[in-house]
Amino acid sequence: MAPDIRYQRGLAQLEAVAGAQGIAVVNSLKDTAPDLGRYIVEFAYGDIFTRPSLDVKTRELATVAALTAMGTATPQLKVHMQAALRIGASQEEIIETVMQMIPYAGFPAALNAVTIARDVFSAK
Amino acid sequence: MAPDIRYQRGLAQLEAVAGAQGIAVVNSLKDTAPDLGRYIVEFAYGDIFTRPSLDVKTRELATVAALTAMGTATPQLKVHMQAALRIGASQEEIIETVMQMIPYAGFPAALNAVTIARDVFSAK
Amino acid sequence: MAPDIRYQRGLAQLEAVAGAQGIAVVNSLKDTAPDLGRYIVEFAYGDIFTRPSLDVKTRELATVAALTAMGTATPQLKVHMQAALRIGASQEEIIETVMQMIPYAGFPAALNAVTIARDVFSAK
Amino acid sequence: MAPDIRYQRGLAQLEAVAGAQGIAVVNSLKDTAPDLGRYIVEFAYGDIFTRPSLDVKTRELATVAALTAMGTATPQLKVHMQAALRIGASQEEIIETVMQMIPYAGFPAALNAVTIARDVFSAK
Amino acid sequence: MAPDIRYQRGLAQLEAVAGAQGIAVVNSLKDTAPDLGRYIVEFAYGDIFTRPSLDVKTRELATVAALTAMGTATPQLKVHMQAALRIGASQEEIIETVMQMIPYAGFPAALNAVTIARDVFSAK
Amino acid sequence: MAPDIRYQRGLAQLEAVAGAQGIAVVNSLKDTAPDLGRYIVEFAYGDIFTRPSLDVKTRELATVAALTAMGTATPQLKVHMQAALRIGASQEEIIETVMQMIPYAGFPAALNAVTIARDVFSAK
């Protein structure tokens, strides 16, 4: 499959999952690191997010879990909480995913994720 | 609810999710740090794992995702991959959860998780 | 011991250690994730902080050390520096705990912690 | 070699590499943690940065790589991107060093580093 | 460019950089997670490692720096130390890259990386 | 103060705190990275560990806390648990320091630290 097919498939997936805000992240990279935006579209969305065997909602909740636990990706956790809501996860499911991280990554990770969730939910 | 109710509920949940191996982890702590085992049962399993709004399989996959991304919890990632299989996740779903981590935590995190998955799957 | 005893014991400990600001953190969670606040009170303060064999000041300095080294918990490091002062640690002891982290976690971790300490000390 | 020789050598190296902004970081520590500033000068710049076998540009790019991957040192990543430019690395080389981190630390680490690079490049 | 071109380019790059051991890592994934091996070839080596503006040796040293600082990727740090030697970095340059990490990631990160370097150098 | 004074002071401190095992770590670096051993003696022990305002036992417990939370420094956590015992901390104090990390870094960090503690205590 040619790269522009990967790009087109990834762009469609990015738009479906992350909407205008996801496209905006990619566009914001055009001046400084355009290929970073292209790889996000081609690889993260075109290759990975479109894989079978796990539905998109579970993929987004797994991503919310990981970014909560890592604690180093605040802007990305916000984007993926917005995406999780967009593709049909409830606010409760997002909060529960964060709560599930307490025993594995500790309270500060969960507290900082809830602060982000509050912003995301109130902006809806 | 009294603590022994939390403990009993947690022990039942731990056994359902992690089986004899989960119980063995708690028992192995009895000589050096018995309260660590008690808190795992009461808090991680009695309080958190039994919460509503997210099914146990999604909780386990979210945990596999987070431990894969963190990269500092090899023995625990093994236990939770075993638990995920036990409560009905397929090998494919576990591998896909690991694959979903590549864009967020990088290839080394995914490679080390697949090494653990290979051990878990072959021991079945 | 019933959960409300754990909660009452934890609330008293939280207030003693972290004062009005600690209570404010828990209250701020009431709309989005009330159980997160409850677990902080019951488990972190009711179960862990009240354990014997290590005095509260050493517990706070150990927490300042760990949050400095982790580098992912800025708001919580601020709260625990305030708490350390409140329960009798000196500014010098807090700075020394941060200095002790240089060989283990590097200069950026220590620099970011000193930036927080400066805010905490000047707000006193 | 006496400590003031290490300090003088480190100060000269810090000024050569990080310029007035590097000196400002050290001076800003004088009220709260003066010895932290002194160790940065003596050890990080006086001992490490002046070592042979690796040129200063490669040292700065290795530092940009590591701080990008760690994700916990935003102010320091900014300082070292400025330093890399100052000692002769091009904007392209800095961006490529960040791009090289994608497979090892993931897209969020690279995205957050590009956000910092954009600030640094536009402030030039 | 079609994916098999990316794969062929990546495989050539992987073989040039990491030799038979790099190919062995990819082959070892064929039973459990074959697409993980394919993405390493296509994306990490085909897309990223072949980019212009930074030579392969600097890319490898930046990778050694990052994996040293992260501390969660022991097998991969070994592979990239071997690769760095293979593409012309000296043992001294590898050790200096590790030494450069002390101020940013601390002594334990450097100590653990030197332990790996000792194995790599003695196996030559 | 001349460097050899820093070295002598650091060596005495290292021996007092970490005993023969600490000296062995430094000696083991002589073939591959002798200056890493020298910096550990001069900087970590000569400069940092001998600072006033915080007693050595609190320094060791803060170090045990941080290494437990970081989860990337297993050999060093072992050395510092041995050192903590050597300079007068009890097994209970070490375990309590680990327990204090549960709310901040999660159960896996505490579990892996207790595994190390068990080895250290049984080797006494």
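We call the chains A, B, C, D, E and F, going by the order they appear; numbering starts again at 1 in every chain.
Please note the rule applied: a contact is a pair of C-beta atoms (placed from the backbone, for glycine too) under 8 Å apart; a residue touches a chain by one contact, two chains touch by 3 or more.
Keep in mind that this is a model prediction, so the values were computed, not measured.
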{"item": "Recurring contact interface, reference B-C, options A-B, D-F or E-F [over half identical by residue number]", "value": "D-F"}
{"item": "Same-residue or different-residue interface between subunit A and subunit F, half as cut-off", "value": "same"}
{"item": "Most remote chain, CA-based centroid, reference being subunit A", "value": "F"}
{"item": "Selected pair, greater C-beta contact count between A-D and D-E", "value": "D-E"}
{"item": "Distance-maximising chain from subunit E - centres being C-alpha averages", "value": "C"}
{"item": "Distance between chain centroids, defined by C-alpha means - subunit A, subunit C (Å)", "value": "30"}
{"item": "Centre-of-Cα separation between subunit D and subunit B, whole angstrom", "value": "39"}
{"item": "Multi-chain contact sites of subunit C, meaning residues that touch two or more partners", "value": "35, 39-40, 43-44, 51, 67, 70, 72-73, 76, 95, 99, 102-105, 107-109"}
{"item": "Contact graph of the chains (line, ring, star, complete, other)", "value": "complete"}
{"item": "Contacting residues of subunit D [partner subunit A, same complex]", "value": "70-72, 95, 98-99, 102, 107-112, 114-115, 117-118, 121"}
{"item": "Subunit E partner contacts - residues on subunit D that touch it in the complex", "value": "40, 43-44, 48-49, 51-54, 58-59, 61-70, 73, 76, 90, 92-93, 95-97, 99-105"}
{"item": "Subunit E - residues contacting subunit C, complex", "value": "102-109"}
{"item": "Subunit B contact footprint on subunit E (complex, rising order)", "value": "25, 29, 31-33, 35-36, 39-40, 44, 67, 70, 72-73, 75-76"}
{"item": "Interface residues, subunit E side, partner subunit A - complex", "value": "1-3, 6, 35, 39, 43, 47, 51"}
